[in-house]
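Two complexes, one shared chain (subunit A), two partners (subunit B, subunit C).
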Partner chain A sequence: MTAAAKHSQAMHFQARAGEKVRNPVLQRALQKAKPLFVGKRAKGMAALADDALDFETLRTACEAIRNRTLADLDVWLDIFEERAKATGAEVLWARDGEEVGRLVVEIARRHGVTKATKSKSMLSEEAHLNEALAEAGIRPVETDLGEYIVQLAGEAPSHIIAPAVHKTIEEVEALFAREHGRPIETRTSADIPDMTREAREVLRQHFLTAEMGISGANFLIAETGTAALVTNEGNGRMVTTLPKVHVVVTGIEKIVPTFEDFATLMRMLPRSATGQSISNYVSLLTGTKREGDHDGPEKTVFILVDNGRAGLLGSPYQDMLRCIRCGACMNHCPVYFSLGGHAYGWVYPGPMGSVLTPLYTGIENALDLPHASTGCNQCGSVCPVRIPLPRLMHRLREEQVERGLRPWSERLALKAWAWLAGRPALYRWMTRRAVRYLNWLADDDGRIRILGMAPGWTAGRDLPVASGRTFNELYKARKRA
Partner chain B sequence: MRLALYVTCLVDLMRPSVGFAALRLLEEAGCEVIVPEGQTCCGQPAWSAGERGLAADLAKKAIAELEAFDHVVIPSGSCADQVRNIYPQLFANDPDWGPRARSLAGRTYELTSFLVDVLKISAVPGAFEGSVTYHDSCKGLRGLGIKRQPRDLLSRVPGLALKEMGECEECCGFGGAFSVKFGDVSTRIVDRKCESIAAAAADAVVGGDLGCLMNIEGRLRRRGDETTRVLHIAEVLAGGDA
Partner chain C sequence: MTARDTILGRVRQGVGKDDFAQRKAAAQGLLAARSRGPQPVLSGGLVDRFRVKAESLSSTVEAVPDLRAAPAAVARYVAAQHLPPEIVMTPDVASLEWAASGVRGVARAAHDVDRVGVTACFCAVAETGTLMLLSGPDSPATVSLLPETHIALVDTACIVATMEDAFALLRAERGEIPRAINFISGPSRTGDIEQTIVLGAHGPCRVHLILIGAPS
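Then we have the complex of A and B:
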């Protein structure tokens, strides 16, 4: 079992999904969020017309940039390393999450770090970096507001760009009251600015006292050795410029060749995520503090992480490496918005998670996820880099079959059905009996309310059945008449 | 022109009236329609489950019995998507079946698309007194680009008023085996669809895929809605007792 698999709860998807659909507080939070995500993105994409652009053209360009990068990933990484080193940064490589933890702790120890501020990084969730730091006696402080909330709650993010989307305002208020040492008040959305200010005051002290800042990177620009950070709260700037040490932890696939490529992708990323034409902050971080600079770290370290990524190159799943982590797929996913992100059991939820979790933690450790999709392709049609998410989930289903990982009862049922469907005469004979049986099971109004062979269906809905005759036999009778 | 009507296994078993309605629409439009005797299932359930071998067996059977016709018409976006988009994928590298799959794919149509895009019909036999709201099924919409065709046809039905529901392009939560494997998640999704339908306050909800319609009807009734009719678009267009 890989290190990543140890932390995965993806095998409990079915049970967790059942709990999540029955949690009214969670359902309320999700109901509220979905139309906001969908509406804002739609507006943002429509506004592309102001720049004489359209979604399909732009995403073709973005897809091409990402494919060009992946075709020569090793070369772009070498170039990045060389250019980043030339600007005074250190570049380290990590094979997996455990190695990330080891490297970050070593750097922290070398610089006498007791506290590290963090801006949002999903890769640090893959690496369980906060746990590694805490074990080494270093306090990690999440400074993205959503991350701050889930850290207070002792939870993992449930969405890759909105980590606390599963929380209601009442839940956040209870956490703040506890952490900030004050009584609970009644809050409405009008109080959000006040609550945010309260969090800022607490975080400000951490920004000023942390010796190390840890961030991810939305992109790594090879030609200049630059990390690009796309944020809305300004915490990213505090984390990357105030402490004397800045560590960037990011995946090897985040690289783009040139600044111009970055600019093209930036037209797409914020729009896909939040509908913004550009995020409130775009930080381009190159090298260390130079002479005459007012701020910036004295030490910059890039940790470039594999953790399963290189293995996807040249595989049927390579398209997945194009992902720019915008969250649009989950924002448009009916399954995600029925459950929230925690049901998926590992770092990445929604359609991209249903592909990545099996690939990064082992196909045998996430059997439900590739099936947790209606195949509606709402994800694939909004993906800014045209990742065929349903096709990748489908390929994972095939691989489960090839490796003998499906339940024998399911395989037998499908085999029996296919065998029968290949023998039309027998099929006719059987289906005629089957529809009569269904008709007999139905109540007088033509509905089956409990069906033993598909309890999952009738637990939530009736099964409407017709007259008890197949089309085939009715058609034959009509032709005879 | 001589065409094959592929009624689909769900219509054959669960709602034969859809097959007869499709037949009437095509015949009234002047087509010579054959319902190939040996048809069973296009193989989509096997394909969706990842059983490539079983899906290929059933695809070969369907290709062999349908390829002699000028066109194949299917009253389902989902099954039409299987033939148009998946069959060529299944046999992409097969020198024998590949060309046959691609040829059939190019001549296979979902019913409303065939009526509008190929036959370009201007009148339909049916009439409907009341309002309907249309649910866009995922495979038809996103797999085949079917959006305007059903609306075009509904606008030609005397007496019918179209009341669009909110989020008409949202999945209903059916997804074939998904609705059985993850019944409670599927129920949660179809609940939202039922809310959109209720808000549209139409006399009937209409769609082009029986799977989605059974899911929607089953949930509407379980929620206590006994009045909103759930109809396949073929039934509305063909009218009365097709």
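Then we have the complex of A and C:
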């Protein structure tokens, strides 16, 4: 079992999904969020037309940039490392999450760090970095407001760009009251600015006193050995400006060649995520504090992480490495918005998670996830780097079958079906009977409310009845006519 | 085997190509070419576009005829917002006539207690209404970050169309990439509590732009 699989709860997807569907507080939070995400993105994309641009043209360009680096990733990593080192940064490599933890703790100890402020990084969730730091006696403080909220709750983020999307205002108020040491008050949406200010004041003190800042990188720019960081809150700037040590923890697939390529991707990343034409803060960080500079880290370390990524290169799943972590796929997914992110059981939820979790934690450890899809392809159609997400989920399902990972009952049923389908006369006789049976089950309005042999199918929805005759019967009748 | 060798070995295997040196040379050629992706066609003038976009991102804008008028504009804004007339500024704007304007300014990196920060900017991007600030001895990054109010002086001659144009200007005017290039587009914001947008998450909650050399 891989280190990543140890922490995955993806095998409990079905049980968790059931809980999430029955949780009214969660359902309220999700129903509120979905139309906002979808509407904002649609508006942002439509506005491209004002500048004679369009989604398809831009995403073709973005797809090409990402493919270009993946096709020669060994070369681009070499160039990035060379140029980052030339700016005075240190470049380290980590095979897996545990190695990330070891390296960061080592750096922290070497620099006498007791507290690290963190800007949101999904890779640090993969690595369970907060646990590793805490075990070593170093306090990790999440500073993205959403991450701060889930850290207080002792939870994992449920969305890659809106970590606390599953939390209602009442839940946040209870957490803040406890953490900030004051009685709980009744809060309405009019109080959200006050609550934000409260968190700002608490976190400001952490920004000023932490000796280490930890961030991810939205992109690594090979041209100059630069980390690109995109945030709205400004916490990304804080953790990379104030502490004396800055550690960038990021995946090896995040490289893009030039500033120009970065500019192209920036026309798609914020729009796909939140519909914004640009995020409030876009920082390009190169090396360390220069001579005469008033601020900036004296030490900058890149930790380039594999944790399963290299294995996707040259595989049927390579397209997945194009992902720029915008969250559009989950924002448009009917399954995600029925369950929220926690049901998926590991770091990444939604369609991209249903592909990445089995690939990074083992296909046998996330059997349900590739099936957690209606196949509607909304995810694929909004993806800014044109990842064929449904096709990849489909491929994972095939691999489950090829490796004999499907349950015996399913395999038996399919064998029985194959046996039957190989005997046309018997098949026709059986299907005629089956269609009559279904017609008999249906109510007058042509809908089946309780499916006899498999009542689970109709527990939450009706099944429309078949036409009354089999395809073979209809075909014959037509030929006669 | 080191982690580096293991990972690069796996990557090389996945990439499935030899001729590393040849491919590296090709990649370096690609870097030198700096080809651009699809470019926007901006209608109207750059200054108008910048202004409209900046305002749509919740920045406020005042136009003044020339740089000498900037300190008085800063003083007016500070008074109108009922802020104390004490500002921290980046050294690159310290040579302006602050004393006569009625604000007391000090040129240094910002501290937590500073309420108003005044900066220049290297250039501004019309496409998105964005400022481009470079860190350096004359422009500490904290001045646009720690105070609740950030006032930026934007020379209209320095407004370019796109981020790509801003990078081209940077390469032309500076030999070296600074430690931090900060693109700033309005006040800091968050939507993390019930998707309600709040200005002033961790950075400034007010961004005021003084457009220099524009008709008001």
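What we mean here is this: the second predicted complex is superposed on the first by the 443 of 481 C-alpha atoms of A that agree within 3 Å, B and C clash if a C-alpha of one lies under 4 Å from a C-alpha of the other, contacts with A are read in each partner's own complex, and residues count from 1 in each chain.
Criterion: a contact is a pair of C-beta atoms (placed from the backbone, for glycine too) under 8 Å apart; a residue touches a chain by one contact, two chains touch by 3 or more.
Here the structure is a predicted model, which means the values were calculated and not measured.
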### Query
First (subunit B), second (subunit C), both or neither: which does A:Met266 touch?
second
### Task
Report the partner of subunit A that touches more of its residues: subunit B or subunit C.
C
### Message
Under the stated touch criterion, which partner chain does A:Ala52 make contact with: subunit B (first), subunit C (second), both, or neither?
### Response
second
### Task
Would you check which partner chain A:Ala454 touches, where first means subunit B only, second means subunit C only, and both and neither mean what they say?
first
### Task
Could you tell me if A:His371 is touching subunit B, subunit C, both of them or neither one (first, second, both, neither)?
first
### Query
When the two structures are overlaid on chain A, which partner does A:Leu73 contact: first (subunit B), second (subunit C), both, or neither?
second
### Task
Based on the superposed arrangement, let me know which partner A:Tyr281 touches: subunit B (first), subunit C (second), both, or neither?
second
### Task
Check whether A:Leu414 is in contact with subunit B, with subunit C, with both or with neither, and answer first, second, both or neither.
first
### Task
Within their complex, state which residues of subunit A touch subunit B.
14, 17-18, 21-22, 27, 334-335, 338-339, 371-378, 380-381, 394, 396-401, 406, 410-411, 414-415, 417-418, 420-422, 424, 427, 431, 434-435, 438, 447, 454-457, 459-467, 469-472, 474-475
### Task
Would you pull the subunit A residues touching subunit C in the complex into a rising list?
29, 32-33, 36-37, 48, 50-53, 57-58, 61-62, 65, 68, 71-79, 92-95, 99, 143-146, 149, 162-165, 167-169, 172, 189, 192-193, 195-197, 200, 203-204, 207-208, 222-224, 226, 232-235, 237-238, 240-242, 252, 257-261, 263-264, 266-267, 274, 277-290, 292-296, 304, 306, 310-315, 318
### Query
For subunit B, which residues are in contact with subunit A within the complex?
7, 9, 11-17, 19-20, 35, 37-41, 43, 45-46, 48-52, 54, 57-58, 61, 138-139, 142-143, 169-171, 173-190, 192, 214-215, 217-219, 221-222, 230
### Message
So in the complex, the part of subunit C that touches subunit A is made up of which residues?
### Response
2-4, 6-8, 10-17, 20, 23-24, 26-28, 30-31, 34-38, 40-43, 53, 57, 108-109, 112, 127-128, 130, 135-137, 140-142, 145, 162-164, 167, 177-196, 198, 200-204
